[in-house]
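Starting off with a structure, shown below.
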Amino acid sequence: MTTDANIHVHHITRVEGHGDVVARIEDRMLKEVRFSVVEAPRFFEAIVRGQSYGEVVHIASRICGICAVSHKCAALQATEAALGVEISPQTDLLRRLAFHGEVLSSHLLHIYFLAAPDLLGLPSVMPLINSAPEIVRRAMRLKQIGYDLAAMVAGRHTHPVAMTVGGFSFLHDPAQMQEMRARLVAILGDLDATVELFSTLELPDFERETEYVSLTHPDRYAFYSGELMSSEGDRMPVSEYREAIHERVVEHSTAKFTRWNRPEYMVGALARLNNNYEQLHPSAREAAERLGMQPPVHRPYAITVAQLIECIHCAHDAIELIDELTQTGTHAEEQQAPVEARAGLGVAAVEAPRGILFHEYEYDDEGKCVSANHVIPTGQNLGNLNRDMLEFTPTIIDESPDRIQHLLEMLVRAYDPCISCSTH
Amino acid sequence: MPQEAPIPRFGHKPQVAFFDFACCEGCQLSVLQLEEKLLEILGHVDVVTWREAMTETSSEYDIAFCEGSITTEEDIERIRAIRKQAEVLVTLGSCASGGCHNELKNQWSMDEVLGVVYGDDAGGISTIPSRPISAVVDVDYQTFGCPVSLPEFVTVVSCMLTGQHYEPPNQPVCVECKLNDYVCVYEKGEVCLGPVTRCGCNAICTSFGHACQGCRGLMDSANLPAMLKALTREEAHSIMRMVVERHSLTEDEIAAKLRIYNNWPELRMEEAQPDDD
Amino acid sequence: MREADSVDVTEDITRFYQPELARVIAKQRLSEMMVMLRLQRASGEMLEHQPGQFLQISLPGYGEAPISFCSSPTRTESFELCVAAVGNLSEAMHELRPGDFVGIRGPYGKGFPLEDLRGRDVLCIAGGIGLAPLRSLINYVADRRAEFGRMILVYGARKPSERLFKDDLANWDAREDFETLYTVDEADEGWTGRTGVATVPLRDEVEIDPTRTTASVVGPPVMYRYVAAELLAKGMAEDDILFSLERRFKCGMGKCGHCQLNDLYVCQDGPVFRYTQLIGRSEAIEVWAPEDERQ
Amino acid sequence: MAAELLMTPYAMDRFMGRLIAEGPVMGPRDRRVQPGFVKFEWLSSADELVLEYTTTTIPPKKAFFPPRQPLFEFELSEPPTITAVQEATPFTLVGVHPCDLAGLSMLDDAYAREPAEACWPAARARARVIGVDCLPDEYCFCFAMNTCNSREGADLFLTPIARGYLVEVLTEAGEEMLRLSDVEDAEDEDRSQAQAFRRDKGNRLSASIDASPEEFAEILETQELGELWREIAGRCYSCGSCNTTCPTCFCFDINDEFDLGLTGGQRVRTWDSCQLQEFALVAGGHNFRRIRWQRVRHRWHRKFLYLYRTFGRPYCTGCGRCSRACTADINIVDVSNEVIARARGRV
């Protein structure tokens, strides 16, 4: 039986960015437990000042290499709001399609490469390259389709410069679109095999009810746009986010924490699933049933499973979007809306793979950025994660220090934190 | 000379470690997108440390791939230690090799940028002017791009494993753009940094009709004064006249555009012309 | 379909660029930077060449580059090349072992005009690794001694340790019918010979009959201007001065454009030129003139 | 003069369809991802062909000499093996403007010069060429370079007229091709329309070089214009776009690439440009055209002096691509005329 444990994981592995897990147990009493962000900030809110709007959106995309499409789209929408730009319905459809590519690649990276090794009792996916190459290939195939889908629409997955204020700098090749559709149909089987795999894996059973925050949209499962929503019942336009989301600087962290109704809340796949479950594609809901994931789900370890369900939704919805685009055809006239520099303030929010993401920019009358604010999903989750750790650790206090450490690391990983992005 | 494992240069299967400094980690992620090619590379080496992807670590490695910029005192110590251990150090992407957005912050005092982001609570956070890894330690192979240009990464890996040098190309993006038969974005009235930017990306941005943003940094012989002249010259022929009139850029604005990826060391428009005497 | 004289559509159109194989039969280290490789065609056939000509030599994967023959065409069963380790290809060539294969194309280019040299006094001036192509000429003269007049060699190396072909140097020095003037820029402890640049002994110690002499010069680009001045001062005609030039070659056959010197292709029209051909060609002269004299 | 026939737009469409069915066809096509810009591409159907266009970025020489061309593959066995990557399918090149026909013919001469290079003529020999008359843009000056009515190397040549196209049959191969088409006899009205088209084109081409090729060559040969070259070089990026878009440039680079297996790879030939800083750099750091103005001067000398003297005509077709491509707006006609003006001012 453990009486003392002094856990300090310096730079936890298999997460994006640098964070430490600290837990101190003395005499079976939890003295301290926390996840702290020690990432070096890059000061995006400061460095975009003075840049013209066209460059701001490119720089903003560099906040994160994993969810660059989300950052790009948030920056685009905020900038378009500030400059009063109306994008074409075609652009809206294409951006939503690119989004699905990013969600697929980001979630599958997490599911297979970051989270799965824990569940399979492995230190990483590397040993599988020799022992179970078909799983590694499946994982790479799945992840790749996300990259390729985003790249087809946006030119490149990581930092998609072809997405510009007002539209796109090029029109994708329609022939490629059909090829992509066929590939999407073909990977549905791989996704099904993944559901199969996950239905056999056991997650630590820790539950804690919390506030779930996401976008919500009247017509669809919200990713690219929508209204701000809390599971506590609030709804408001995104432009009023400062009324709800309160950021603060905390000790031990270069990322800021946030609160809304409760001192901490959860964002991300599980929050979306809880808030918008009915709008999931029927096949995704079916998978949710198979995986025992009908809302409300209060198990943070199940975030990974929620991501998998979203992947199924995204694959199906991407196929439908492609069909819609094929039916209407894509037109050069709708590729790029006219843009004029003017002074203005714009706010936008999107559902990045890891949760709701806010960008806000103010421009002067030459279209140069005066100020910026970014609220990042991982930052918003930090409070909630720390609260989980605080409540979960006492329940496992009798485990060995190694086991405690492992369970805490798994909990951090379940949130799929994107730390450099949260610090930005 | 037949090449067979073990790689002759190392006398054994080399051990590889990945490290990251301040950046978006998009370079690592891009490398993961190499798919089959990545598996082929992994066949020649053993990855022993890669915090993002694996929990196993080792303090023994032959090759270190490093991404990101150096922005803290602690980073300097860390990269020096890595340099000491690694026989070969490869920088991944522009943050590590040249200069990237990170270096934009060097325009202001560190107190000012801390204040803008953290307000009055920034007390515990420290930062130093950002610089690429290549400005702190010797680097054996450099790859540029934001994110890293995959064709260049593949070339560098094959050069490294066959014991060859790799010099970053000293040619502008226009060369690759033209060889691919892309439409010059100036023809569409946009301003492109391709003529002064180091190629090696296979002109990826112009391939989808977007101006080169200059992410790979200036090539050695970049003629910046020529860019000032070209973008402000009134007596131009039709295409360039359209560009000049549409944007009416000032010299400061042109410099600001170039600075996004070229602020280490601080960009000086008049100086970057080692080509001519 | 267009008429194409002598072009067979189905033939292998890239053969122009495909090397044949040659085998390394011996390797000798000449200095820290230099090795000499003795090669034989894999087909076993002889390779005829002229002193001053070059081969495009390659190691698949490492590139291709021009290297001069350093053996005399009178010794035909194999041929020798001498390679300085300066880059990817040449460093890899230093790793070759007897039995290994290389690719060769050639011989290419215009070498030293042997017909014109016959019966005349042969003055060779070598700087650094420029001795390599001249060795081919010198040994040719040695093997057919009766066909030539005086044989004078001025050779300057940077340091004693960088001197090439030490056995040859000693042999030539020992011959009654050779006049040799060796110098180094920087002496070391064991060095008892001359020090200073090659132009000094050329100026002070070489006496020639300018009407009977042809000078063959190979060395670094900066050397040519000074040597030319000395030779002209001795009364030589510009037409009797031969320079072998270095440029970048990719094809070796006057197509790739890299070696262009004004209207000349160094690989085709040279690499050995008469001084008369170079006078008035700005891209030869500018290169020899140091910075201050550039207009 | 060769036979002249009429092809209606409908017949043209069917003709192209049949050509494509018969074998590979390359021709000007609208860019899928950037509509409004035309490039030479392999066509998959007749409706992709754009016969009325101003100019393409890259000239049609790429059909015979691709910008990036593997020369052979190697495998590092004992002994190493070298395998040709050979492509010998006959094809048809459609939609080549007169200036580009002249450009192809200039490269024929350049590559045929002893020792003849085999790739180019072999690629040329397997292709049929159909020319078409052009729509000039504000950068071209083919009239001044005497290429605007070139028919060199074309098997058929098309001129747009009201009823479709006037077809000139120039070779037996051209006649042979027409078996795939439904042509009618041309009438006088068709012929005069074609002439009017050419006259009209000529009238729109006003730019010209103010000296004869011989005089221009002499000026370049005899005049020191260092100051002018320096001025131009002050604006030049050394980006090489003027070379990489030129129909008469033929310099190239050769490099080896390993496959990631590290036991094999290929030797690749790519287009190169004399304007790039390292074009004349050799190992050891010596650069024989290190200074920008030397490279700028070299470009003019090569086109209007060296190759002019070797082959009897300036190596410029007047297509204007280099001026159009130059993002520093260095215009070949302006600079040439400035050279001439300064030289005359001096004498």
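Each chain gets a letter, A, B, C and D, in the order it is written, and its residues are counted from 1.
Note that in this section contacts are C-beta pairs under 8 Å (C-beta built on N, C-alpha and C of every residue); 3 or more make two chains touch, one makes a residue touch a chain.
Not measured: the values here are computed from a predicted model.
Visitor: Which chain is the middle one, judged by CA centres?
Guide: B
Visitor: Quick one: report the Å distance separating chain B from chain C, using the average Cα coordinate of each chain.
Guide: 41
Visitor: Just curious, how far off is chain B from chain A if you go by their C-alpha centres, in Å?
Guide: Here chain A and chain B have centroids separated by 26 Å.
Visitor: Taking the mean of the CA coordinates per chain, how far is chain C from chain D in Å?
Guide: Here the centre of chain D sits 38 Å away from the centre of chain C.
Visitor: Where in chain C do residues touch two or more of the other chains?
Guide: Touching at least two other chains: 61-62, 87.
Visitor: Residues of chain D that contact two or more other chains, please.
Guide: Touching at least two other chains: 33-34, 76, 78, 257-258, 291.
Visitor: List, in ascending order, every residue of chain A touching at least 2 other chains.
Guide: Correct list: 170.
Visitor: Graph shape for the chains shown, where an edge means the two chains touch. Line, ring, star, complete, or other?
Guide: other
Visitor: Which chains touch, pair by pair?
Guide: A-B, A-D, B-C, B-D, C-D
Visitor: Give the list of chain C residues in touch with chain D in this complex.
Guide: 1-2, 4, 7-19, 21, 23, 42, 58, 60-65, 86-87, 90, 101, 103, 221, 246-248, 250-251, 253-258, 260-263, 283, 286-287, 294-295
Visitor: List the residues on chain D that touch chain B in their complex, please.
Guide: 31, 33-34, 37, 39-40, 56-58, 62, 67-68, 76-78, 138-139, 233-241, 244-245, 257-263, 270-271, 273, 276-278, 290-293, 323-325, 327-329, 331
Visitor: Touching residues of chain D toward chain C in the complex: what are they?
Guide: Within the complex, chain D touches chain C at residues 71-72, 74, 76, 78-80, 82, 84-86, 88, 90, 110-111, 113, 115, 117-119, 121-129, 153, 155, 171, 173, 224, 226, 250-258, 265, 267, 269, 272, 274, 279-284, 286, 288-289, 291, 294, 298, 301-302, 305-306, 309-310.
Visitor: Going by the contact rule at the top, pick out the chain B residues touching chain C in the complex.
Guide: 1, 159, 162-165, 277
Visitor: Any idea which chain A residues touch chain B in the complex?
Guide: Chain A residues touching chain B: 11, 13-17, 39-47, 49-52, 55, 58-59, 62-66, 68, 109, 113-114, 117, 123-126, 129, 140, 143-144, 147, 155-159, 161-162, 164, 169-170, 248-249, 251, 254, 256, 420-421.
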